[in-house]
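Here subunit A shows up in two complexes: once beside subunit B, once beside subunit C.
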Partner chain A sequence: MRVKISALAALVAPLALAAVYPLLPEYQRALMSRVLILSIYSYGYAVCFQMIGLMSLGHAALFASGMYGAGLYAFYVSPDPLAALLVGVAASTLLSILFGLVSTRVGGSYFMIGTLLASQALYLAALHFNEVTGGEQGLVLKKEATIVGALGPLLSELDARYFTSLAALTIVIVCVTILSHSRLGRLFHALRDDEGKLEALGYNTSALKLVAFTISGALSGASGALQALLYGYIGAGYAGILNSVEPVLWVLVGGPYIQVGPLLGCLAVNLLSDLARGLLRGHVLTVGAGLVAFAFATGRLRWAYRLLGVSRGRG
Partner chain B sequence: MNRRQALSSLLKTGVVAAGAAGLGSAAGYFSARAVGGQTTSGLETGVRPIKIGFQVHRTGIGAPYGYWYERVANAAVNYINKTGGIAGRLIELIAEDDETSPAKGAQVVERLVLAHNVDFILGALFSDVVLASGPRAGELKRPYFAVSEGTHVPFGKLNRWCFQPGITDVPGQVTAVAKWIFENLGKRVAMIYPDYAFGHDHRDALTKAAERYGGRIIEKIPIPPGETSFTKYFTRIPRDIDVLYHVMVGDVLTFIRELGVYLGRERPELFGFIDSIEAVPLSSPGLEYLEGTYFWEGFPRYADGYDTLYSRFYREAVGVDENGADKSDPSRVSAFSHMFGVWETLFVIKEAVEQSGYSGQTQRDYEAFIKTLESMDWFNEGLWHPQGDKFFNGRLHQSFGHQFISVVRNGRLVVVHRTEIEDSLYEHPNDYTRQSLF
Partner chain C sequence: MASPLLSLQGVSKSFGGVQALSDVSLRVYDSGVLGIIGPNGAGKSTLAGIIVGALKPDRGKVFFRGREITNLTVRERAALGVAHTHQIPRVFQSLTVYENLELAASRRVSRRDLDGIIREAAEKLGLNGLLELGASQLSSGQLRLLEIGMALLSQPLLLVMDEPTQGLAGLEVNYLSNILRSLSERLAIILIDHRVDFVASLSNRVAVMSRGRVVGLGRIGDVEVVEKIEAVYMRGA
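== the complex of A and B ==
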């Protein structure tokens, strides 16, 4: 029963987002487009964090690899957004396999530190090769190299951004929902709940972790690639540590159901921090305060795991 | 009459005219203040104000600059509103924090246009924020004014909706001071610069200027961003140079201290860009080594460096003392070499609105506004442009102005030279006027 409800929710969510669009004022439309792209990142992060219980602090690098893959292709090779999107996803997939091979061999805090260092390495590389990447300052893509440019004759910029990101998000939601109900998804949950038992049953848990990490990285990269191709700007700022921390909060706030949680959490945090911008100086503070509030609300040290514990058995 | 004479005669008449106008409005300003802020200078009541969105670095790495940018913007808006507004309409300044982040910067542009429906956007300092925001401003069809010094505007990386009329750009600054460096300090130069776009602009401009003025860049030493110790790079400084040219490379106190330890007393002449010590008191421990070294200044921090009626008025309006620090807190040094750009940009908007007859957000009005601004050649020195007169290139959307060279003497900056506008001109093929507006 629960399975059906959560799957239903996953189908209703994109429809609701499409239905609400005409009712929104212009600025909220633009804001929502940004949040929808980030929601894809949120799902990507949840696959790693929520499904197999590994908390990564390096996902900004995976997001950024998608962004750079797509953006650099569109900037230097060919102004073809579709090809660029594929290049971006391919780049992030490759990078997550590479990251995963190293970091999924260890667990817990070592995993966090490993991913954090790997992502810092990518960030510094983006700065170091700034003659190519534009470094901190970044690069601006030509309009015809962006999705907005390609859809220009059909849709206004605002509509193009919203519906492209909504379409991509819908695909991601469907895929994640299917994944969570599949055999592989159940193995991921088993891995999170008791890695030892799964190993004793003869499963190769390192390989499972690597698969989950790679799916997670590919989705994060897709989000980065879309960001680049919808907004026409790439820069090292996206590879910074803050971009690794934010999805932690989204997924935590989103709650136990992976079919809709990452979307709800991302929406809640971003819309609230937009509302709170007049009260709190800088959204960094909002994110930090949110994380601290969560840590207190759910028990100090094991806060993250407790919340994840809630989701046990509810695939 | 050659170009220089043409320029100077133009300047003289312009300065006199602007000076007279400035004196008049200054008198109006003070008398308006004296009667408690009420003004009788012809403001139409009940007319929609001109909304200027302001993308400001309130938090993040740019915050020390952002604080001063905001202060100057408020001072300028205050002054304009008390002296007749823009074409009789008040300015409503809507400031939003961009967190010095490109992602947030672009979002702020959206918010300013779509939620606040501003007429114009006063933009940011940090290049990454400008680069991410400019395209959004172009898409949303709102003029965007960077106060950044970057080459993004003049070199055509943005679009026809983006301007930088209030502050000169790095190539202009470097080209102008390089002439003086090669003529006065020596021909053999080594340069230390940060290994990212800002530093590359310096490297490229100085290299070009060296070709032009017969100097030689003996060694180029890029410092990777995020570096915290510099001594290992100093080993690359050749022994036989005349000048060591340095631009912002990280923590300036560490940089100068390590440089002092490494070079000691037998040092070449040092020439730096004020950016590294902008908003930093010269009395900070470790900066004693800068005594006797030279700096580029955009607008002299110490009042006697460029003491004109206009610069005094501007200083007063912004609340900065003779030493370039906050009047109410002398330890808070201002970003004096950059923040005047905000002041001047607001007056450029005023000028262009009034001359173009811009009245509302229609295609026709924006077209008139942009074409009028593009056709402007000069901004005359005066209360509106206290840093000095400027030549405006409508194809590049960029201003070219005077630069100051100062030496550190007794722990303060003393101006030794003011460059001519011609010294800073350079050629670039970019032409925004060929782009379509809508």
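== the complex of A and C ==
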């Protein structure tokens, strides 16, 4: 029953986001567009962190590889946003496989350190090759190379960003919901519960981790590619450490239902962070305070989850 | 005599300065129960770890169906037909009973037959009313049965059971005895337990261990074996 409720919530969420759009003031529409793109990143991160229990500190590199793949293709090769999107997703998928082949052979803190180092290497490479990437300052894409430009005759910039990101997010939610209820999803949950036991049943757990990491990276890269193609900008800042830490908080705050948790967590943290921006200096402080508060409140949240009838942590 | 299913030859294992196993040699045949008894620290669980591949011996060799498996991993040994149940049952807590059994069976059973085989196994183990329940909601006895069910659905040739009665009440032990008795007719079981009566009632042969060595091996009624059991439990020899 819980599974059905969470799957239903996953389908209702995009409808609610579409319905609420006309009611939002212009600033909130722009803000929500950004948050919806980041929610795709949040789902990508959740596949790795929530489904198989691997905490990566290098997902910013996977997000950025999608962004650079799409952005550089649109900037240097062809102003075709659809082809650029595919190139972005392919780039992040390839990088995920390379990262995963090395990092998924280890676990725990070694995995975190490995992914962090790999991510920092990509960040430094983006800065080093600044004549190609634009470095910290970044590159601005021509409008016709972006999705906003392609949808220009049909939709306003604001509408194009919101509904494109919402459509992409809906596809991701449906895919993740199907994945979590598939046999592969059950294997991912089993892997998180007890890797040794799964190995003793004859499963190749390294291969399973690599598959999960690659799916996670491809979704993160899709988010990065959409970011580039909806806002027409790519920059090394997206490959920084903060962009690796934020999804940890989104997934933790979002709770145990993978169908809706990454969206709820990303919405809650980013909307609160935006509210706090006027009160506190910088959202870095908000994110840090959020992580500390979460660490202290974990016991209470568990209680809240139990109260809601959530105990299995998978949905 | 038929060739053994499993054979250990001169296996030794130490942890730091502690000699956990010393020159252990054993043979297990295609069916029946080999009981392994001995007090705490005798090396029983280390022996189980070496058989299933969780531990590598410092010296000696392990053979399975005539093939040396000393350096094979747990997964490779599982693929050959070695299954293991643990002292504290290990199941997938976030999955249902059905899903646990399904993961165990699906590597060996075709998708078409899967449901029927899972339900049949659940019925034999008394888990048929619990299939939709989360594994985290089971009692310790039910968890034990679920782990056994998972091991059986992986269709092993050899089942290594480490302290299966731990945490079970008297009635549950009797129930487990009946299940193991019927299983032992079609697969080989290595039964490691501290309850001598439980092991004795089920085993065709018993190995008595003390301080990392097999000090007695034979049928439970053999005078020599009984003397060794008395010696290791009463006098700590």
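Operating definition for what follows: the second predicted complex is superposed on the first by the 298 of 315 C-alpha atoms of A that agree within 3 Å, B and C clash if a C-alpha of one lies under 4 Å from a C-alpha of the other, contacts with A are read in each partner's own complex, and residues count from 1 in each chain.
FYI, contacts are C-beta pairs under 8 Å (C-beta built on N, C-alpha and C of every residue); 3 or more make two chains touch, one makes a residue touch a chain.
Keep in mind it's a predicted model, so treat the numbers as computed, not measured.
Aligning the shared subunit A places subunit B and subunit C next to each other free of steric conflict. Once chain A of one complex is fitted onto chain A of the other, the partner contacts of A:Glu199 are limited to subunit C, with no touch recorded for subunit B.
Shared-chain residue A:Leu187: touches subunit C; no touch with subunit B.
Judged by the touch definition given at the top, the superposed model places A:Gly138 against subunit B, while subunit C stays out of reach. More residues of subunit A lie in contact with B than with the other chain of the pair subunit B and subunit C. Superposition on the common chain A brings subunit B within a closest Cα-Cα distance of 38 Å of subunit C.
Within the complex formed with subunit A, the residues of subunit B that make contact are 58-60, 96-97, 99, 101-104, 106-107, 110-111, 114-115, 127-128, 131-132, 134-136, 139, 150, 152, 157-158, 195-198, 200, 224-226. Every residue of subunit A that touches subunit C in the complex is listed here, in rising order: 183, 186-187, 189-190, 192-194, 196-205, 311-314.
Within the complex formed with subunit B, the subunit A residues making contact are 25-27, 29-31, 34, 124, 127-128, 130-131, 134-140, 143, 148, 157, 231-233, 235, 237-238, 277, 281-285. Of all residues in subunit C, only 52, 54, 73-75, 78-79, 83-84, 90-95, 99, 102-104, 106-107, 134, 136, 150, 154 touch subunit A in the complex they form.
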